[in-house]
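The structure appears right after this line, and notes come after that.
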Amino acid sequence: MSMQKYIVKRIFQIFLTLIIIMTIMFILFRMMPGDPTAFMLDTRMTPEHKAIIRAQFGLDKPIWYQYLFYLRNFFRGNFGRSFYYARPVYDLVKEKLPATILLWTGAYIISYSLGITLGKIIAWRRGGKLEFGSTLFGLFFYCMPIFWVGLIALWIFSYKFGFFPLGGLKGPDVWSDPSSGMLLKAYDVLKHVTLPLSVLTLAFFAGSMLVMRTSMLETLREDYIMTARAKGLPEKTIRDRHAARNAMLPVVTTFAIAVAGSVGGGVLTETTFSYPGLGKMIVDATLTFDYPLAQASFLFIALLVLVANLVADILYAYLDPRIVY
Amino acid sequence: MKILEVNNLRMYFSTKKGDVKAVEGVSLEIGKGESVGLVGESGCGKTSIGISILKLLPDNGRILEGEILFKGDDLVPKPEDEMRSVRWNGISMIFQAAMNALNPVYKVGDQIVEAIMLHEEVSKEEAYERVAQLYELVGMSPERAENYPHEYSGGMKQRAIIAMALACDPDMIIADEPTTALDVIVQDSIIKEIKKIQAKLDMTMLYISHDISVIAETCERIAVMYAGNVVEYSDSVTLFASPLHPYTNGLLSSFPSIKGPLKKLNPIPGEPPNLLNPPTGCRFHTRCPFAQRLCKEQVPEFREFQERHYAACHFAGELSLR
Amino acid sequence: MEEQKPRTKWEARIQQWKKSWEMYKENKIGLVGIGLLVFFFVFAVLGFVMPHIDPIYHPMTGFDPFIVSKSPPSITHLLGTDFWGRDIMSQLMSGAQIAFLIGLTAAVVAVAIGTTVGLVSGYYGGTTDTLLMRTVDIVLTLPFLPLIIVVSAAVGKQSIWVLVLIIALLSWGGISRVIRSQTLSLKQRPFVEAARVAGATDARIIFRHIGPNVLPLSFLYMSFLVLGAILTEAGVSYLGLGDPTRVSWGIMLQWCRTTGSTFTWYWMLPPGLCITLMTLSFYLIGRAVDEIVNPRLRKR
């Protein structure tokens, strides 16, 4: 099977998984005690208003009809209106998505590149002070709750030293001033994003480094490493071209497995830094009982995870010639 | 002319439980165009000698004493960067294919080209041209160089590994159990291939195996190893006809002969010793049917008894063997 | 000394455990893990005792009559008090109790589900296997924390047991895969064939013959699941979606943040440090057990 066919197949699988997740959501919100339609209707609405919404979302129809209606609405981009903001959920998601993608993918890319590089080096130089230090460092960061690391970072870098703003993504003084140029705006965003990005990077970094180290240590025992040494290749070539290249494979697999768990770190980081992304939005929506917004935020986070999985699968297939699609 | 001369080599592995005395006072010489077999039970230090020659020791292995003269040049004190040009260019290795000797993520041809480009000033095209020739030499279609290791069968992998060992036209090849774990028919064709190439290129070779029948088929000279020592070294005909060391004798009578008359096999009683704590004196005395008090107390010297027939036994020549 | 031949199956098992403990004792990081665990256990038990000594040490209702707001460490309050004048040390002890409760129950439930699914899937194979493993695939791609957040929104009631149940229901996927592959290889062993010939039922073969052999692996994964459950509870509580009737470390940090006291070090630092050390203890134990269960990881 060719690569294209494989990708098409995986996209189809993602589509199916998404429908299953939506079905779970649908059942979940129907199981709620009380008015089965409460998830769509704000208690603050007038009865007339409720009736209009009911009809609009087919809530007066049988359950199977409601289900199909729900699916159709989703794929048309109609997620209902947010109770809290009184705006279409679609617009809100569209607003927050870029910020989340910036923070999360940024953190994943930086942490995995750093983790792979450092893991490679410390495994190669077995038993140095560097290995002990980074393993200990990695262990602690692996076990620390990320939001606590965020709080400490805020305390030290924003509160004590004032290097960075306390939260948000855009400084109001810069963005409300019409005379601010692109460069100033970019600098402002960078200033806001640095701290949350660093914290999230640290959280992901520890895991990727520890996995790379273990994987590298196992790879170094492989016979082809002996072959490479016997060929007279320089140490660096053996380490990078022969050992690290193979040791990376389990790291990619681990990424695919871990991503569903680690996006939680993104949610917690966004909340700690009041970073206006999907993660903060899902928490706020849940706390304000804004069900349509919470559901849509969740579905988009789920979609991001599925896409990350797809990327990992494609990367793996590209890196390992043994893979049969 | 001697290509390789090993003098009194001593190599230990340090472990948590103490030093594993893997190679203890081993001496060997290999002339140009000769093929020498190194035979012994598993764990007797054969492979340790192989990796000591190229100084490919793991972190816990170290050479304590001795000389490894390659074309008259001692390799033991050589620093890593000088060793690198000896590796593959001077001495290459044929690894066991059943082990993962080929890197799974690169095309086999590229792995051979990597070795050629490292040691010789040739263009990429010339290197690939060489790979095609090598593939033909080992009886494989040159297009297969474009495949990955997992697309090869065991026998093909072994051929590719042989091709890789020949890539830089080395002065000597160390073959470490090249046919172990292959099925018998493939094993046979690989041995034939090695013999053919050896004859054609006048290859100098050190052939390491636990199987004396394979060694007998491929090698002119045989060194027998026991528990870190070479106990006997001579040409194969003499060794088979009149062994001097009781261990050699035991080894010969524990293997069936295809051509000779059917005989009862006599396995050597007992277990090979633990090299963490080897027996005193002659390391074989614990299992030797002829052992005397002297054998327990004194290490026998590795002496030349006849022209190029060496043995390490106090009573060599006095015993009635075979 | 020669080892005594075990007379009963149980004696054999006890001997096996003793041997494993001997190996575990060799492992320094494993001992550090056990040490931390014992510390937290004592700490948690102290939490039950303290309110009986003086009611101001009750984590929830122990408002100190002389202190009405945050106060730094003092003789009566070794780690100071929170926004409402309650003892932070006592709250930490209560947090240790909650962490044990959540971590262990969630992990036991998840391990039970995961092991059963893995055993059944591996033993029966075929359609059962395909169905179960596809389910696992989906469970493993569900974004864990966000799902807990929306589910808690849907359920509405914020109870510790609901949280335990959700965590357990979402974290059995990984372990079932491991147990399945182990079962696949155990299924080929002669003792399973022997049991089948002797007329044992499928259920008996799965739980009496194969089950005990995969238990060490289950145990290994349990320590990592405990760790995950503790971190998850902390995160959910920190976001304000935890059980407000119990004082957990996550809830403490949530109070600390929502009262605008993030930069009050004596309030903000201790709960996070406790979470870190307790998860670290389970991680270290897990790693040490890993070295015993997977011999290839042992140091040569």
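The letters A, B and C name the chains in turn, as written, and every chain counts its residues from 1.
Keep in mind that, in the parts below, a contact is a pair of C-beta atoms (placed from the backbone, for glycine too) under 8 Å apart; a residue touches a chain by one contact, two chains touch by 3 or more.
Source: prediction; values computed, not measured.
Engineer: Just grab the chain with the largest centre-to-centre distance to chain A, centres being mean Cα coordinates.
Structural biologist: Following the centroid criterion, the farthest chain would be B.
Engineer: With respect to inter-chain C-beta contacts, which pair, A-C or A-B, contains the greater number?
Structural biologist: Comparing A-C with A-B, the pair joined by more C-beta contacts is A-C.
Engineer: Using the average of all C-alpha atoms in each chain as its centre, how far is it in Å between chain B and chain C?
Structural biologist: Between these chains, centre-to-centre, one finds 53 Å.
Engineer: Please compute the C-alpha centroid of chain A, do the same for chain C, then give the distance between them in whole Å.
Structural biologist: 24
Engineer: Centroid of chain A to centroid of chain B, CA atoms only: how many Å?
Structural biologist: 54
Engineer: Along chain C, where are the residues that touch chain A in the complex?
Structural biologist: Going by the criterion above, the answer is residues 137-138, 140-147, 149-156, 174, 227-228, 231-232, 234-235, 238-241, 250, 253, 257, 262-263, 265, 268-269, 271-272, 275-277, 279-280, 283.
Engineer: Which residues of chain B touch chain A once you look at their complex with the stated criterion?
Structural biologist: Residue list for chain B touching chain A: 51, 54, 56, 59, 80, 83-89, 92-93, 95-96, 99-105, 114-115, 118-119, 148, 150.
Engineer: How about chain A: which of its residues touch chain C in the complex?
Structural biologist: Against chain C, the touching part of chain A is residues 17, 20-21, 25, 28-29, 31-33, 39, 139-140, 142-149, 151-152, 154-155, 159, 257, 260-261, 263-264, 267-268, 271-272, 279, 282-283, 285-287, 289, 291, 294-295, 297-298, 301-302, 304-306, 309.
Engineer: Could you list, by residue number, the parts of chain A that touch chain B in their complex?
Structural biologist: 126, 222-224, 226-235, 242, 245-246, 319-322
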